Amino acid sequence: MKKSTKTLCSCIALALLVGFLLYMETLKTTQGMAVSILQKGAIFSIAAVSMNLLNGFTGLFSLGQAGFMAIGAYVTAIFTIPTEKIVAVYYMNGVSEGIMSIKRALSFLPEPVLVLLALIAGGLVAAGFAALVGIPVLRLKSDYLAIATLGFSEIIRALISSPQMDKITNGSYGLKNIPGFGGENGLGCLLVPFGIAALCIVIMVLLIRSSYGRAFKAIAEDEVAAEAMGINLAHHKEMAFVISSFFTAVAGGLLAMYMRSIEAKTFQVILTYDILLIVVIGGIGSVTGSVIGAFLVTASKEWWLRFFDTPLKIGNFQVPLLRTGFRMVIFSLLLMAVVLFWRRGLMGNREFNWDDIPRFGRWVKRKFTKTPATEGGERNG
Amino acid sequence: MSLTTFLQHCLTGISLGGAYALIAIGYTMVYGILRLINFAHGDIFMMAGYFMVFAVSSMPWPIAIVVVIVGTIILGVAIERAAYKPLRSSPRMSIMISAIGMSYFLQNLATYLFSALPRAYPEIPLLKRIFQIGDLSASLVTFVTPVLTVLLVIVLMSIINHTKAGMAMRAVSKDFETSQLMGIKINNVISMTFVIGSALAAVGSILYFTDRMSVTPFSGALPGLKCFVAAVLGGIGSIPGAVVGGFLIGICETFLVALGYSTFSDAFTFLLLIVMLLLRPTGLFGEKITDKV
Amino acid sequence: MAENVLHVENVTMQFGGVIAVNSLTMDVNQGEIVALIGPNGAGKTTAFNVITAVYEPTNGKVAFYHKPMVENYPKGKMKKLYAGQNSSAYTQSISPTPDKITRLGIARTFQNIRLFKSLSVFENVLIAKHMRAKQNVFSATFGLNAKEEARMRAETIALLEEQDLMHLKDEIAGSLPYGLQRRLEIARALATRPKLLLLDEPAAGMNPQETEDLGAFITQIRDKYKLSILVIEHHMDLVMEVADRIYVLDFGKLIAQGTPSEVQDNPDVITAYLGVDEE
C-alpha cells in the first residue's frame, strides 16, 4: 500500500472513531455498559502502554503500576472533589488545612482546566516518587526488580490507608464525590478519556520512535552492549521509569474519575496483574497490541464472557458449570493459553500497519485451505 | 509493655514466623533450581486451606491432614507440569508471567468453586487446647508450629545433604545445564522440589489457618509475597536463610501489630526487602552470583 | 615517537583467590595495531573488561591520552587477599561506568557477538550515535531535534555505505550470517567515533579466506579512521600479519612483548603455547 493511501485510511478511521464516540455519547443512558467499557478500555490502554514502555521496550520488569496509579488517583481526586462537598467526604477526620488552601486558591479555574491540572499534578507526584525510588531499585536485576517494585506499591497502599494520613487521604474511608467525565451535562464522557488517552499514547509512541526510544530498546536487548555504545544505563532506566510512572499515574487519575469513589483497596497488586495481562495478551513490545488488548480484555471480562456467569437452561437441560465466577475462570484459562501457546500475544513486537489487513485476509484464507501450522512449543536442550 | 505481654507477643510472632518459614522454603527451593519466583505458591497454600475445610468435613482429622498434604503435592506438581515445564527454555520474564497467570487462575478458580466469602477453618481440638505456662497462655498450635518447623527443616536438610536425590538437587541449583549433561534427570529433580515445597506449604497452611480461623480465595496472596520476601531476606536458595527470614518477618509483623501500626505491618515487610536488596542483595546467607560478560 | 594513546599500568584483577590479570603493563601508541595474545584463560578478555570499565580492577591504573581513566587499589576483603604487586602505588579510586569510556573514545567488540539482535542493521548502528547527540528527552520526543536526528541518520547511512553494509540496512541483525554479524559489530563500534578500537577475537569462527580478508580490513580501517587498535586474537597468521607489536599473556602474567618476529622466537612464548594451542 502507498503511504498516501495509508494516511487516508488512518484519517478515515480516526473520523469514524470520533463519529462513533459522539454517537455512543448520545446513547449513554441506554448503552451504559458499552460506554463504561469504552471508558475503562481507554484508561487501561494508557496504563498498558506505559507498562509496555517499561517492561517491553526497556526490559525493566516492574510491578509497581498499582502504586503509581494510586498516587495519580488520590492526587486527582483531592484536586477535583468540589470544594463544597469536601467537608462531607472527610466527615470523620477533617481535611488538612494545606489541601483546603490549595483548593481555595485554584477555585477560580473552570472545571476542565482543573481536571487537566489535577491529572498532570498526579503524574508529577508519581514521577517524583518514581525518581526517588528508581535510584536504588533500578540497580536490581529482573525478578528482584519485580518484587521490589511490587513491594513499593504495597508500601504506597499502606501509607494511603494509614491513620497518620487521615487528613489527606481520608485513611481507610477512601474518597468519594469525585466528578466523573464530562461534568454535569455529561457531554464528553467518552471524548475526554479517549482524548487524554490518545494524547498520552501519542506522546509515548513519539518517545519510543525517538533516539531515546532506540536507546531503551538497546537496553532491553543487551545491557552490556548498550553500555558499550555509550548509553548510560542508570540514567536511561531512570528516565524510562519516571516517564512510565507519570503516564501510569495519569491513568490512575482517570480511573478515579471513572470510579467516582476510590479507596486504598482499589489499588491492590491484582490491578497491576490486570495491566500485565493486557500487555501480555497484546504482545510485549507492541503499542497497538497493548491498546487492542486493553479494549479486548475489558470487553471480554465485563461483557462478552458475562454469559458464563449466569445459569442457563436449554429446555429441561441445566447447562453445567455456568454460575457466578465461571467467567473469571474461563478468562484466566484463556490467559494461560496465550502465555503458554501463543507467547507473542496478538501483535508480538510488531505494530499495526494498514498492510496487515490484506495480509490478514490472505492468512485467514491460507489457514482455511491448508492444515494449520503448529506454532510455538518448540524446545531445545 | 509488661514482660508477660512481651513474651506473649514473642510467642505469637515465633508461631507466625514458623508458618512463614515453611512456606518460604518452597519459594527458596524453586528459585534455587528454576530461578523463578513461583507467584502461585501463595495460592497453593490457600488451596491447601480449602482442601482442609473439605477433608475434615468427611473424615477424621489425622487422615484429613494426610489427604490435604497429598492433595497439595499433586496440585503443586501439576502446576509445574502445566505452566512452567513448557516454558523451560523461554526468557525468564515469560515464566514469571506464567506464574502470575497461574496465581490469578487459582484465585479465580477458588472464587468460583468456594465463593469469595470467608469459610470457617476447621478446628482441630487437640491443636486448639489452651496451655498455660506461668502467666503465658496460648493454644497448643502456637507451641507446635516453631517446633514442627525446626524439625521439618532438620529432616529436609538431611535429605538434601545426605541422599542422592538431595545431591542432585544441589547440583541442579548450582548449574542447571551442566547437571543435565551429567545425566541428572532434571524433570525428576524439579518435581521433587515441587513435592517438598508443596508438602511444606500444606503443613504451613494447617498451622497458619488454625490460628486465623477462616480462608478466602485471596488469603494466600499477601502471605505468599511476604514469604518470598522472607526467602530473599535469608538469601534466596538457602533453606536455613528462608527459615530465619520467616521467623524474622513473623516476629516483626506481630510486634508492629501489637504496637498499633497494623496498617504498616505489610508495608514494613516490603521496606525490609528493599533495604536488604540495597545493602546486601544476596541476603543473609546467600551466595554471590557474578554475571559473565 | 608517536603519542601514547592507552597506557595500562600494573593492572591486577583478582576474583577471590583467582588472579585473572596480574600486574599487567602495556601501551598502545597512536596509529599502532597492537595484539594481545595468549592461551585460553590467560586473562585477555578480562584485561579488555578492565580497560572498558566493565570490571573495576583490584589494583592499577589505565590512562587514555595521559589522562587517568580507571584507577583502583585493594580495598575491603582484597586488602588481605591481594596477591599482585604495587598494592600501595595507587591512592585514588576512579571507576567510571562503561558508557563513559565509550564517550571518551574507546569502542569495543565482544568475543561472543553482542548485537541488538532483534533490531535492524540500520538501528544497530544508529544507536551508537545517541550518546553524542545534544538533544534531551523532550526535544527528541516532540521532534524539536529534527536537524540532529537527520544528521545522525545521514552519518549512519554514510558509515553503512563505507562498510558495504548498505544493502542489508533493513535486515534484522540476528538473522545475518556470522561473518556479517562480526562486520556489523565492528561498524557499530566505528559509529561511536572512537580513537581507540578494541577487537576481541574478531576472527573467531572465520575460515582462512575470511581471516585473510579481515587482516586487510583491520589495516584499512586503521588508516581510514585514524585509529589505534588493540586486538585479541588466536590466529597467529593474522596477528603476525597485522600487528606492529605483540603482548603475550599467560596465566594473567605478561610473559613477552615486542615485534612479531621477536615474540615468535621467544622461548617463554613457545613453552606457553606448546601443547596448548594447535599452532
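We just call them A, B and C in the order they show up, numbering each chain from 1.
As a working rule, a residue touches a chain if its C-beta (ideal position, glycine included) is under 8 Å from a C-beta of that chain, and two chains touch if they have at least 3 such contacts.
Worth saying up front: this structure is predicted, and the values here are computed from it rather than measured.
**Q** If I average the CA coordinates per chain, which chain comes out farthest from chain A?
**A** It is C.
**Q** Would you identify the chain whose C-alpha centroid lies closest to the centroid of all protein C-alpha atoms displayed?
**A** Per-chain C-alpha centroids compared to the overall one single out A.
**Q** Express in whole angstrom the distance between the two chain centres, defined as the mean CA positions of chain A and chain C.
**A** The separation of the two C-alpha centroids amounts to 43 Å.
**Q** Compute the distance, rounded to whole Å, between the mean C-alpha positions of chain A and chain B.
**A** 32
**Q** Calculate how many whole Å lie between the centre of chain B and the centre of chain C, each centre taken as the average of the chain's C-alpha atoms.
**A** Once rounded, the distance between the two centres reads 47 Å.
**Q** Which chain A residues sit where two or more other chains touch them?
**A** Within chain A, the residues that touch at least two other chains are 224.
**Q** Among the residues of chain B, which ones contact at least 2 other chains?
**A** Correct list: 293.
**Q** Please output the residue numbers of chain C that touch at least 2 other chains, ranges allowed.
**A** 54, 110
**Q** For the complex, give me every residue of chain A touching chain B.
**A** 55, 61, 136-137, 139-140, 142-144, 146-148, 150-152, 154-155, 157-159, 161-163, 172, 224, 269-270, 273, 276-277, 280, 284, 323-326, 328-329, 331-333, 335-336, 339-340, 343, 377, 379-381
**Q** If you look only at chain B, which of its residues touch chain A in the complex?
**A** The contact residues of chain B facing chain A are 35-37, 82-83, 86-90, 92-94, 96-98, 100-105, 107-109, 111-113, 115-116, 180, 221, 225, 228-229, 232, 263-264, 266-267, 269-271, 273-274, 277-278, 281, 293.
**Q** Give the list of chain C residues in touch with chain A in this complex.
**A** Spelled out, the residues of chain C in touch with chain A are 52, 54, 97-100, 102-103, 107-108, 110, 114-119, 123, 126-133, 135, 137, 140-143, 145, 149, 152, 188-189, 192.
**Q** Quick check: in the complex, which residue numbers of chain A touch chain C?
**A** Contacts found on chain A: 203, 206-207, 210-212, 214-215, 217-218, 221-222, 224-234, 239, 243, 349.
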